Amino acid sequence: MITASLFDIGLAALVVSVAAFAIVVRDTYSAVVAFVAYGLLVSLRWVLLHAVDVALTEAAIGSGLTGVLLLSAAARLRGGGAPEPAPPSVRVRALAAACGVAVTAGLVGAVLSFPDPAPTLAAPATEALPATGLGNPVTAVLIAYRATDTLLEKVVLVLALLGVWSLAGDAVWGGRPGAKQRADPDGILAYFTRRLVPVGLLVGLYVFWVGATHPGGAFQGATIVAAMWLLAMMAGVADVPPVARPDVRAILVAGAGVFFAVGLAGLAFGDAFLAYPAAYAKALIIAIEIAMTATVAVTLTLLIAGAPERTA
Amino acid sequence: MGDVTLFGVAGAVLAGLGVYGLIASPQPLRKILALNVLGTGVFLLFGVVARRGAAAGLGADPVPQALVITGIVVAFAATALAVALTLALTRAAGSASLESDAPAVGEDPGPPR
Amino acid sequence: MTEFLLVATPGLPLALAAACVLPAVRVRMLPLLALAPAPGLVAALLAVHAPPATFGAGLYRPTFALDAPGALLLGVAALLWIAAGAYAATYQRGAANPGRFAVCWLLALAGCLGVFVAADMPLLYLALALLTLGATGLVFHDETPRARRAAALYIGLALCAESLVLVAMVTLASATPDGSLLIRDAAAALPAMPGRDTTLLLLIVGFGVKAGLVPLHVWMPLAHGAAPMPASAVLSGAVVKAGIIGLLRFLPVDSAIAHAGSLLAVAGMLTALYAVAVGITQQHPKVVLAYSSVSQMGFVAAVIGAGIAHGDAAMPLLAAFYAGHHVLLKGAMFLLVGVVAATSADRLRGTLVLAAVLAVGLGGLPPTGGFIAKYAVKGPLGDGWVATAAAVSAVGTTLLMLHFVRRVQTVAATAPDARAAPGLAGPWLAMAAASLVVPWALYAMLPLGTAGDAFAPYALWAGLWPVLIGGALAIALARWGAGLPRVPDGDVVVVIDGAVRGASAATPRAVAADAVLRRWPAATLLLVGIAAALAAAITAGRG
Amino acid sequence: MPFVADLATPGGALLVLAIAVPAIGVLAAFALGSRHAARIAIAVVAAGFALAVAVAARVLADGAPLVYVLGNWRPPLGVALRADGLAAVMMLVTTVVLFFVALFARADFATPAGVRDARAPLVFWTMLLAILAALNVCFLAGDLFTLYVALELLTFAAVPLVALDGSAETLRAALRYLLFALAGSLLYLAGTALLYGAYGTLDIALLAGRARADAATTVAAALMTAGLLAKTALFPLHLWLPPAHAGAPAAASAVLSGLVVKGSYFIVLRLWLDALPAVITPAAAQFIGALGAAAIVFGSAVAIAQPRLKLMVAYSTVAQIGYLFLLFPLAVGLAHPEATAITGGMLQVASHATAKAAMFMAAGLVYAALGHDRVADLTGVARTLPITVAAFALSGIALIGLPPAGGFVAKWLLLSAALATAQWWWAVVIVVGGLLTACYVFGVLGRTLATVDPPPPRGAVTRGREAVVLGLAIVATVLGFAAFAPVDLVQVGRPPVAGVPR
């Protein structure tokens, strides 16, 4: 823990400069491309912070899916031909810069004033691990110790998806999100997709499975599965399912539903809501994770697909 | 602990950049991008806190990491909703600017339901 | 039994008003208006010194009680409300929207009688609020631009006054032993409490607006002029007494607040004389009567002030007695205006003679009710400058009332042999008789002084000379009055109009500023700015 | 802080159900389509009301807060749910208002015959339940990060309601609302990061014991409070509220104005009264009070000048939110915080929630009947819609603070707190606020009661819907009789008046 190594300083400077470029550059499309690169660099920094789980999530969701979302939106908006709104006056930009500096200074001052023996919950987390039957402490926090946050977060995802769907016109309600993908069936994209998707699914399932003991878990696995499904859709191999299909709705609520079911079972029979009886804690957690992976994969894909636009 | 504070400073600078972008960039899409930069900055703060809390054989305190994972997923959901809204607004109003809506006193901007 | 009566006093009108939610009831409510004040009248007669009636067991327990001044005023006010209710039944039958008139009438009635029976502060505030809402509806009733302006002014000033009274009540509540909310305890705690002078100022200004002390009187000529006839009668007669009972109940006769008493006396006498000066320049009889009310309320406030300044313990009952006479007489006068308006000029002779006698009676002509009222308050007034000012006020009042009698002839009906309907003439004659008989009955019943020495020669002369001088001045006014300047009714209200225009000019600027603040850059800059300011406030505050 | 960090009280299971039932309702409504969603929503709101009553009764009976440790992992590792007097009152108010709004909205958001699933009804009923779930988490969660997730749940439930009719105007309002709320959330999240860095826990009760006035805590408190003020739209951070609340459908506006802004307000209360009382200084409390006073004056001034009724009621919300923040200088950071101020503040919150929801629904009915809501052309509406105007009048009286409405008792308590702590200027603000509110309320009432030329009614408004609005307005008026309650529910769980958190 000698002074920060040259690599760290270099990476930090690089991340900040890419972020600054993404914020300041005039053209939106290049800003989004810069943002995707920025996302990957941040994932690298998470590895340096010994947070591999977070690095995986950041790479998959933070830069991957968010990048796809912003890129497709930028492409659509760029085509719109709407006149670029005038950039704000110099005075506003100066004040904004001052606010940015103030926020940075405040946060740096706060970080520097942290107490030296840093308070941590690492010890109690590891001691309680055997009770959950899990190896990876981060997954244990997500699924056991702070299970309510994850549970509520599932409901947040459902609401976000319904919010996106609510922007559809009444005429196309229940239809398929996103424009019809016109990719030629035997082009290189379709060929590449048919080869990659099975492998990708396998990797996703593996990342999900290994999450119990090593970095990985439901979110990361689900994101890889979602990426594969998106690839298939873009390649025209598969089409986005219509919004009104009951089985799609069922999958979307399965994750949170199973979580609640197990939680309420704990309330009724076990000793507390969301408490897993020691005997089959492992089995229950696996069941929850499976349902969660399926739900998150479908939800993330449909979030990117957007509001229903066609009934065909 | 030199490099951990470096990460802290980097996170703070990213947050500052995010705030600047949020205030100064006119289009909503750029504001969404700035919000994501601000988000990553804040999550890096959690990362620094986690790293400082390394103990009991773990490289970092698992609790803040779990909070960050939940935060990233929520931030993605927010971005998705914001982008969908921006696209819907562009479709409905032609231009996705946030400003031209202040209903000046007197004119009746259409019948809300 | 008495508890039921006390609660029924405001309770019955409120119940009737609530029943008006059904259109079928609302349309047929007009004839019932005369019955609504009945429990108030009975309560005034039977429940005078009954123990306070308390309800509920929670943090706040509403209490009803009736002390002697309250009972006296309640009785005469109920009489006026009954007569005016009967009068309104005929007067308003043809007019538009009788249902809304009835609801507003009942709300004002409940508030007015409620003020007299409320023994704790929140209940008094509830009564004042009901009174304001109902009275505004009555003033607004004709919906002419003049009525709208008068109603807006009335509710604006009334709400401001009630806010001041509310702050005073809260201060008193924190000063009373163990936070008791009773008015009796508040008045006892007033002289010795820490923020005494500010509380006194708040009470005097708050109830001063209700009673119409100059310069807070501006709403009265406008409101009483614009309201329908029976509404003007009750507004000018009974509703105005809310301010008087407020002053009587909250200001204890205690040497510690003698300075407040003299301040009130000065304000009262100033009001009395100023109102006469402006009143004689007015043309419309209802506005002249309104100024007479302002003058008389000023006189009563002066009596209260002088009583407190001299520490005269009997003052509250005497002041209430004088105010009681004014309720009856002023109510009769307003009903008279309606009767005159409905009868042709040549049939007015008898009515005008009776009106003249009553009008001069207000100035103190023996043997009318006015004379005994003025004689009764000689004690509290003492014999300093206040007494001489009182005499001058008597002269002024006589002059003003005779001016009113002259002006009222101009509104006589043009149809050759029009005759006022019995529904109008009956209540007018009843009130005229009451204003002559009731004061004497009350004087005999209540421990106000022996009737015998009221007829001593020097007392009769003391009552007569102001009236004679007033009569002479009235004749002079009749001949050379045309030269007087035309003062707009509500005289200093132009000041308030200016203030209102100033305030309403501020709203577009606020809208413009709001539009600026709601732009995205400005709002986000403020967001970070507020975060910084909070951080500074948290660190700075720690020193 | 008398919250006992680890003792799980027997009644705690009620707290879990108060969150689980609406959340499961959201999932079921989303999965089963809009026709079932309406029925599920009304059933769940009724169950929510029963749970709220049970929680309040249990809190009153125990005289102490209910605590429930989730997953049997005690804080700081796990998350605890706590219901003190404040939470119980808020849960009662929320379920009462939602019940009336649900009854009111049945006509607007009924699924057309022959259609299994329609867009607007599905979105409305699902989001209504989501708001109930999110608010219950806001009131009960004892952990700051769980409160963050609850805030996001609340925002994601509210934004689609704003843009339900899909016009460009409401979409722009929804986008501004979402972006500004996200900015606020991220500031709040930054604050939680700093607090965790400084104390190793995010549990409110533990934080109260450990909080010390150092740089990290100060910056954290400032950022979190600013973020929450942005989500509560306290002046001058109110840019998103007027177009959002005026553009949304009537039932949605009622919930947005009456309840949604109260969620983030409650968390500011939790933060300042329970989590960081040792750090917050009187100067900061005076600053927030000053913002509240500015909100009252500015909000009322702009409301008076508004040409449209729904925008006027929206700006009235901006002003009344200022009223809620007057509680802070009267109750926080003083040598002995005034218990009456907190009771008065809570009664003001309850009175505003019920009265504002009723007023927005009344405005919605006026719009439905006349086809417009221009204030200038409302003359004579009282003849065509007497019950709606009566409801508008009653809720107006509750907002002004005239007896017997709850607003009056709240004003009385706040005034006595202001005078007891020798801060007369807040008393002036409270009184001026009431007068300014009277300006625009009586302005509108004066026009509606005029009988000069009653407008021709265009849309049909059923008597039943008017009765629902009148019912809620009567609840706002009857709140005044809360002063008759033998014991003060709000004070349960508050620190002893000495203000020293245990």
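The chains carry the letters A, B, C and D, assigned in the order they are written, with residues numbered from 1 in each.
In the analysis below, a residue touches a chain if its C-beta (ideal position, glycine included) is under 8 Å from a C-beta of that chain, and two chains touch if they have at least 3 such contacts.
Note that the structure is a prediction, hence the values are computed from the model and not measured.
Participant: Looking at chain pairs B-C and B-D, which one is connected by more C-beta pairs in contact?
Facilitator: Between the two chain pairs, B-D has more contacting C-beta pairs.
Participant: Which chain is most central here if centres come from C-alpha coordinates alone?
Facilitator: Minimum centroid-to-centroid distance belongs to D.
Participant: Which whole number of Å gives the spacing of the CA centres of chain B and chain C?
Facilitator: 63
Participant: Could you work out how far the Cα centre of chain B sits from that of chain D, in whole Å?
Facilitator: Computed value for the inter-centroid distance: 25 Å.
Participant: When the centre of a chain is set as the mean of its C-alpha atoms, what distance in Å lies between chain A and chain D?
Facilitator: 31
Participant: Quick check: how many Å separate the C-alpha centres of chain C and chain D?
Facilitator: 41
Participant: Residue numbers in chain B touching 2 or more other chains?
Facilitator: Each of 15, 18-19, 22-24, 32, 45, 48-49, 52-53, 63, 67, 70, 74, 77-78, 81, 85-86, 88, 96, 98-99, 105 in chain B touches at least two other chains.
Participant: Residues of chain D touching 2+ other chains?
Facilitator: 77, 145, 149, 152, 156, 159, 163-164, 166, 171, 176, 183, 190, 194, 197, 200, 218-219, 222-223, 305
Participant: Hunt down the residues of chain C that sit against at least two other chains at once, touch-wise.
Facilitator: Residue numbers touching two or more other chains: 508, 511, 518-521, 524-525, 528, 531-532, 535.
Participant: Help me check something: in the complex, which residues belonging to chain C touch chain A?
Facilitator: 521, 524-525, 528-529, 531-532, 535
Participant: Taking the complex as given, what residues does chain D use to touch chain A?
Facilitator: 8, 13, 16, 20, 23-24, 26-28, 30-31, 68-73, 76-79, 116-120, 122-123, 126-127, 130, 133, 137, 141, 143, 145-146, 149-150, 152-153, 156-157, 159-160, 163-164, 166, 171, 190, 194, 197-201, 214-216, 218-220, 222-223
Participant: Where on chain B does chain D make contact in their complex?
Facilitator: For chain B paired with chain D, touching residues are 15, 18, 22, 28, 31-32, 35, 38-39, 42, 45-46, 48-49, 52-53, 63-64, 67, 70-71, 74, 77-78, 81-82, 85-86, 88-89, 92-93, 96, 98, 100-101, 103, 105-106, 108-113.
Participant: Can you name the residues of chain B that touch chain A in the complex?
Facilitator: Result: residues 1-3, 5-21, 23-27, 29-30, 32-34, 36-37, 40, 43-45, 47-63, 65-70, 72-81, 83-88, 90, 94-97, 99 of chain B touch chain A.
Participant: Can you list the residues on chain B that touch chain C in the complex?
Facilitator: Residues 19, 22-24, 98-99, 102, 104-105 of chain B touch chain C in their complex.
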